[in-house]
Amino acid sequence: MLQLLATANAALLATEEGGHAAEALSDGGLLASMAWLIPVVPMVAAFAIVFYGKRMPYKGWDIAIAVMGFEALYGTALLLAHIANPIAHDFQIEIARIGSMPIEWGWAVDGLSIMMYFLVGVVGFFVFLYAKGYMEGDIRYTWFFASFTLFAGGMLVLVSAPNMIQLIVGWELVGVSSWLLIGHYWEDHANSSAAIKAMITNKVADVGLFVGAIIVSMSVGSFRFSDILHAVETGAAEAPTLARYAFWAGLALFIGAMGKSAQFPLHVWLPDAMAGPTPVSSLMHAATMVTAGVFLVGRMFPFYLTEGFATEVRSVIIIVGALTLFLTGLIALVQDDIKKVLAYSTLSQLGYMTAAMGAGAYTAGLFHLFTHAFFKALLFLGAGSAIHAVHSNNMSDMGGLKKDMPYTYWTFVIGSLALAGIVPFAGFFSKDEILASIRYASGEFSVADGGGSLASIVLVLAISGAFITAFYMARTVFLTFHGEYKGDGHPHESPRIMWVPLVGLAVPSAVIGLINIPGATEVFTKLVGGREIPVLDHHAESFDVAMLLAGLAAALLGIFIGWRIWGPDKETQPARDTFRIPLLYPLLENKYYIDDFYMDGVIRPIRGPVARAINWTNGYVLDFIINGAGLLAMSVGKVVYWFDQRGVDGAINASGAVTGAGGGMLRLLQTGKVQQYAILIFAATVIMVGGLVIWF
Amino acid sequence: MILGQFIILGAALFSLGVYGVLTRRNAVLVLLSVELMLAAVNINFVAFDTYARDAVAGGQIFSLFVIAVGAAEVGIGLAIILLIFRNRQSANVDELDLMKL
Amino acid sequence: MEWFESGWGLSLVVFLPLIGAVVLLAIPKAEEETQKWTALLFAGASFVLSVLLVFRFDFGEAGMQLGTNVDWITAINSSFHIGVDGISLPLVVLSTFITLLSIIYSWEHWPEPHNPKAFLILILILATGMAGTFVALDLILFFVFFEVVLLPMYFMIGIWGDRDEITIPVFNITTQMRLYASIKFFLFTLFGSAFMLLGFLVLYFKGGRTFDMLELASNGAEGLLGSGLAVWVFAALFLGFAVKVPMFPLHTWLPDAHTAAPTVGSVLLAAILLKLGTYAFVRIAIPILPEQSQNWAPVIAILAVIGIIYASLACLAQTDMKRLIAFSSVGHMGFVMLGIATMTPIGINAAIIGMVAHGVITGLLFFLAGSMSHRYHTREMARLGGNQTLMPIMGAILGFTAMASLGLPGLAGFWGEFMALLAAFSPAAGLSTTLFRTLMVIGAVGTVLAAGYLLWMLQKVNFGEPKDEWAGHEFHDVDIFEKMAWVPMIIAVIAIGIFPRLVFGATNDSVIDLVAKAFGG
Amino acid sequence: MSDWITHPENWAFALIALPMLLAAFRAVTSRNVVHSVLYLVVALAATAALFLLLGAEFVAWSVVLVYIGAVVVLFLFGIMITRAPLGMETELSHSNQTKIGAALVSGALFALVTVATVRGFGEEEIVANPTRTGEIGQSMFERFVIPFEVVSVVLLAALIGGIVLARRDPVEGDEALQ
């Protein structure tokens, strides 16, 4: 602790000396060199909970919350130290050497990872706190916390990765814990199917991650990000192999990112992942795990930004991001399940982040990731609180919860406003920055040939997205908390252990945007910019007023229309509830038929006809050849034996003609008389040995 | 003396033995021909032993073993023939065609 | 320790189990306890000595160590030449380790007909054959050990195998599973071995009249053969090894043999026997015939990748749990062969860690499948389900192992798969990069399918509500012998996953040396 | 080869070898069983003589003792017990067809063995050097003691086997036993 204070103090002194003195990167001292605890502690704790959790007073929750408290504290300490004096240092421990390439575990302590440590720690802490109340009485309470802690560990392994290998390890650990948690209630077939869907979709994307990681690492000859990015920094001429495959590598890595960050068209797993308990949805499928893809692009950002490398991929990224934010936002409009609404909203927001990354706005994308984590976690927890109260996920069973659940209501409203991007809540600043960046990209920053116009379209989609976001959030708030209660029983506010985290998350949701006001504060910019290899992205120095107004107007309009439709009037409500836009509604209801396409067009054929065909081939073609050969040999043997036993003698006895035509010879062969066999044996020996004698 | 003469003699004796084995019907005479073959082998053993001046006289020792084993063989062989004769009232080899099922 | 390092230690590791088998012969059939303890003693001693080997092994040294070279059959210049280097050391330890665990597991899990004595004798003979193959440095010696393995496994499948009636498709012949599988296994392997022996003999006669692998490699036997003959020699060796691996399309004995074999038989078959083929590729084919290896590498790589995809798809269609695991072996060995086919240090390292990992993981999966079918009396996945509820620990271990099997990073299986793909990105000079990179991507797609079949297996077996037919049944969860056998394997999976130097540390120098010698790096 | 004829042992060899071959030939062709056996005696005696010529005294006397003394007697007993026809007998051998085949085979065998071995060793000189029986004994019980023991076991086994095989099973009511 003393060390911590000393570091922070020294850092403060350094900042006071002058604005740019802080540009010098420190190695972070003891605080950074002990940061290996961040990923290791939760991994160890997960095992501890499995084996000892049941004997603890709170059945394992106590271990888990202690770990998350530690993470939150350590993350905050690192954050403070970093703000004071930017830290950027990789620590590597060699665990093997293969050929001449070292394989290492390690931990990166730089702006990007510190931001994630902080995020996972703080949001995770609140969610774990909340989970105690939410999961009370669950059949697998201890197991839940074990896997949840494992998830936190996996995520921290991922974000602390200083090299590709560890990134992949963390990536997959997160995937597996996600599988465990989505399928938490595995007695129900639908849940385990949802879990499998998530895992398989991610695995499909992982092909991209694997291929991309392999291309990049092998081209550079090192798994370390620092080496890879150094190679990028030195330019395409110095790293020709990497430059040659940069497009494919960049694309492959992005495909990997699309899986975890659930980008269109690999987004299908995320809504289904809501089958898991709500705290899981909150932490994994909103705040942290799904940001892994964005994080990966951020980690490799210079690769996507430097001319001569994967710059072309950015046009793919921006298109995918824009499509995701728009299309999935629309689906959110027609959902009845409150968690599904939030899930599609998450998809949409992830689309914003991705689009920002594609537009070359590193800071803006990550800032939205940062603020989104707080308010989306808050919204999920709020939704969970409502679900807890009414025992149903469907908004059609809710309504009028405002008066019964004041804490939930007010925090939910804060979260919704933040999500909708209303000033001064967190989402306003981050979304505005994204819009500004996209506009900037459409104007000056050519993504590719014709990229300007592309970015313009994206801009239109993004502003529409802001409207849609506000619109469906208004719908959600009004349907859930206003109007008449439509469910069974009498709902009541959740216990304190659940609403305290709501309040805890509501505060940052409201104010955290203030840390990065263009032209005023730039804490966050410096935070994520504090990396060994500088990220030369565009970052607005002042508000883009046009975009600010456009975004705000779209959001306000959305809320207003939402209020007009679902707000006050009680009489016409049933009519509106049943209203369906003719063409669009079925499309949205069926999620653009993408799920059906995957299921009926890909998965079922492979699992069914294709797999059966292969199995058939194995049994009926390959084995046919083998068995056929075996049986053929057997029947040849039988024929010879029959010939041997009966054919010859029989033929001789029966037919004199055969006897005449060499029967004598044959009889000589097959008489059963020892000496004639002996003659043959001797003759054969003589011939064979004679051959040898003549040969030599 | 040269080795060749003994070898040729041995080969001749052996071939005669083979001829006897192949042509004789009476089992006792087949055995008798086998003894001729053994004798041929012994000649070779002893001739090579003398030629090689083997310090341990391996060839002679081996011919002694051959004699011993040959004697044993005759004993057993005759016993078997006796048994066959008792069962089938004949000692002719070509009537022993039980192998032909 | 002088005696230990001069070859005695290694010989003891190999032959202690055989001595154990002889001792067992002398123990009356009724005294089962004595038999078990004797077998355990000898297998344990062999394992302990093999661990001791690791400690006496000089990891800084790439060449053969701890071995000896004694005249054996002087007439054909074949000698009792044994030794270990970094490549064989992990495999020797793996084979003694799995043997020991198999005996522990067998303690109270005897397959029918009940005859522990015979069963243990077969396991011990197998152990000698397996360890011997990994240390033999003389082709004849290698061949002998390679074949020694065959008979015990044949009897294991043939006597203790699955007694279900099966009908062979197309021919409509009905026979018992065990009979069909054992004869198929035997003939297939013998067929391969015949070609292999032929290859060895040509190497002997035309390659400098020696059976010594190291001499053959350093003499440039390939040059002596001339390329016309070398093609055929490699083809013969390839057939012999590929059957054992098994590579597509010579794999069809494997699903039957695995499915029919008793639990321990499947474990040993999967964990060690399959490695004999891949090991032979690394130890014999590449050093002695480097040029031909390189010519054949694209063929091997393509077959390997076909194997990966083919096996994964076949897995998706399986209804029998054990058969599914068996098919998955074909896929995993595909990754191993892909690694070998790249002919690079990374690829061969990947292959060896892949072998070790597959040995432990698939071994464990077969143990689990065996224990489950012992309890449920069925292996039909459709009839299982809810296993996690009925037997929580068993289910958890199954889940863990399936995760390891699908190549979860951080567990042992990951390194082999990922590194093989990594190596395929830049194969040895002279090999087509386009081809290998395409194969890399296809291989990566194979990992998706692997995830698919394993997850669906878990869903069918572990998840859901227990079927009605099990209502009222009392299932005892994992017993003490199972725990004693499985926990070391789980620890090994995690340890290798987190700290792959456990394997790479031994293999890397030797592999670099091997590749440098073969291809003049 | 030219001075072959000048060495007296070669004369002795020829004197022994020719009767030996003649006797052997008659032994395998004679139509009288007893004659066959007697010709065998001649052939074996000639073998013994050859051994003496080569200096292998102990082997020579062993042949005389074992073969001529014991084995031949055994043969005669065998002939008598199996009631082989004692006079001239056409059925003793197979048909002419077989004989021709056998003659061809054995002739070829002779040619083959002769060619092969003479090509290898034919011209090598042999100097007879008498081996003392003591040397044989020493060698037998030092260098070859294990084979010797094995042979003794074989003989024992033959002895027991002979008895077991040839003994008439004691069948109840058998007149010969009563």
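Every chain is named by a letter (A, B, C and D) in the order it is written, and numbering of its residues begins at 1.
What we mean here is this: a contact is a pair of C-beta atoms (placed from the backbone, for glycine too) under 8 Å apart; a residue touches a chain by one contact, two chains touch by 3 or more.
What you are looking at is a predicted structure, and each value in this text was computed from that prediction instead of being measured.
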Chain nearest the overall Cα centroid: C
Chain pair with the higher count of C-beta pairs in contact (A-D, A-C): A-C
Between chain C and chain A, distance of the C-alpha-averaged centres to the nearest whole Å: 34
Whole-Å separation of chain centres (CA-atom averages), chain B against chain C: 53
Mean-CA-position distance for chain D and chain C (Å): 59
Geometric centre distance via CA averages, chain D-chain A, whole Å: 93
Junction residues of chain C - those touching two or more other chains: none
Residue numbers of chain B (touch at least two other chains): 18, 22-23, 94
In chain A, residues with contacts to at least two other chains: 675, 679, 682
Pairs of chains found to touch, sorted by chain label: A-B, A-C, A-D, B-D
In the complex, chain B residues that touch chain A: 18, 21-23, 30, 93-94, 96-101
Chain D to chain A touching residues, read off their complex: 94, 98, 101-102, 104-106, 108-109, 112, 115-116, 119
Contact set on chain A toward chain C in their complex: 94-101, 103, 105, 165, 168-169, 171-173, 176, 179, 183, 186-189, 192-193, 195-196, 199-200, 203-204, 206-207, 210-211, 214-215, 217-218, 606-607, 610-612, 614-615, 618-620, 622-624, 626-628, 630-631
Complex contacts: residues of chain A adjacent to chain B: 645, 670-675, 678-679, 682
Of chain B, residues touching chain D in the complex: 1-9, 11-20, 22-29, 31-33, 35-36, 39, 42-43, 46-51, 53, 56-58, 60-61, 63-65, 67-76, 78-83, 85-86, 91-92, 94
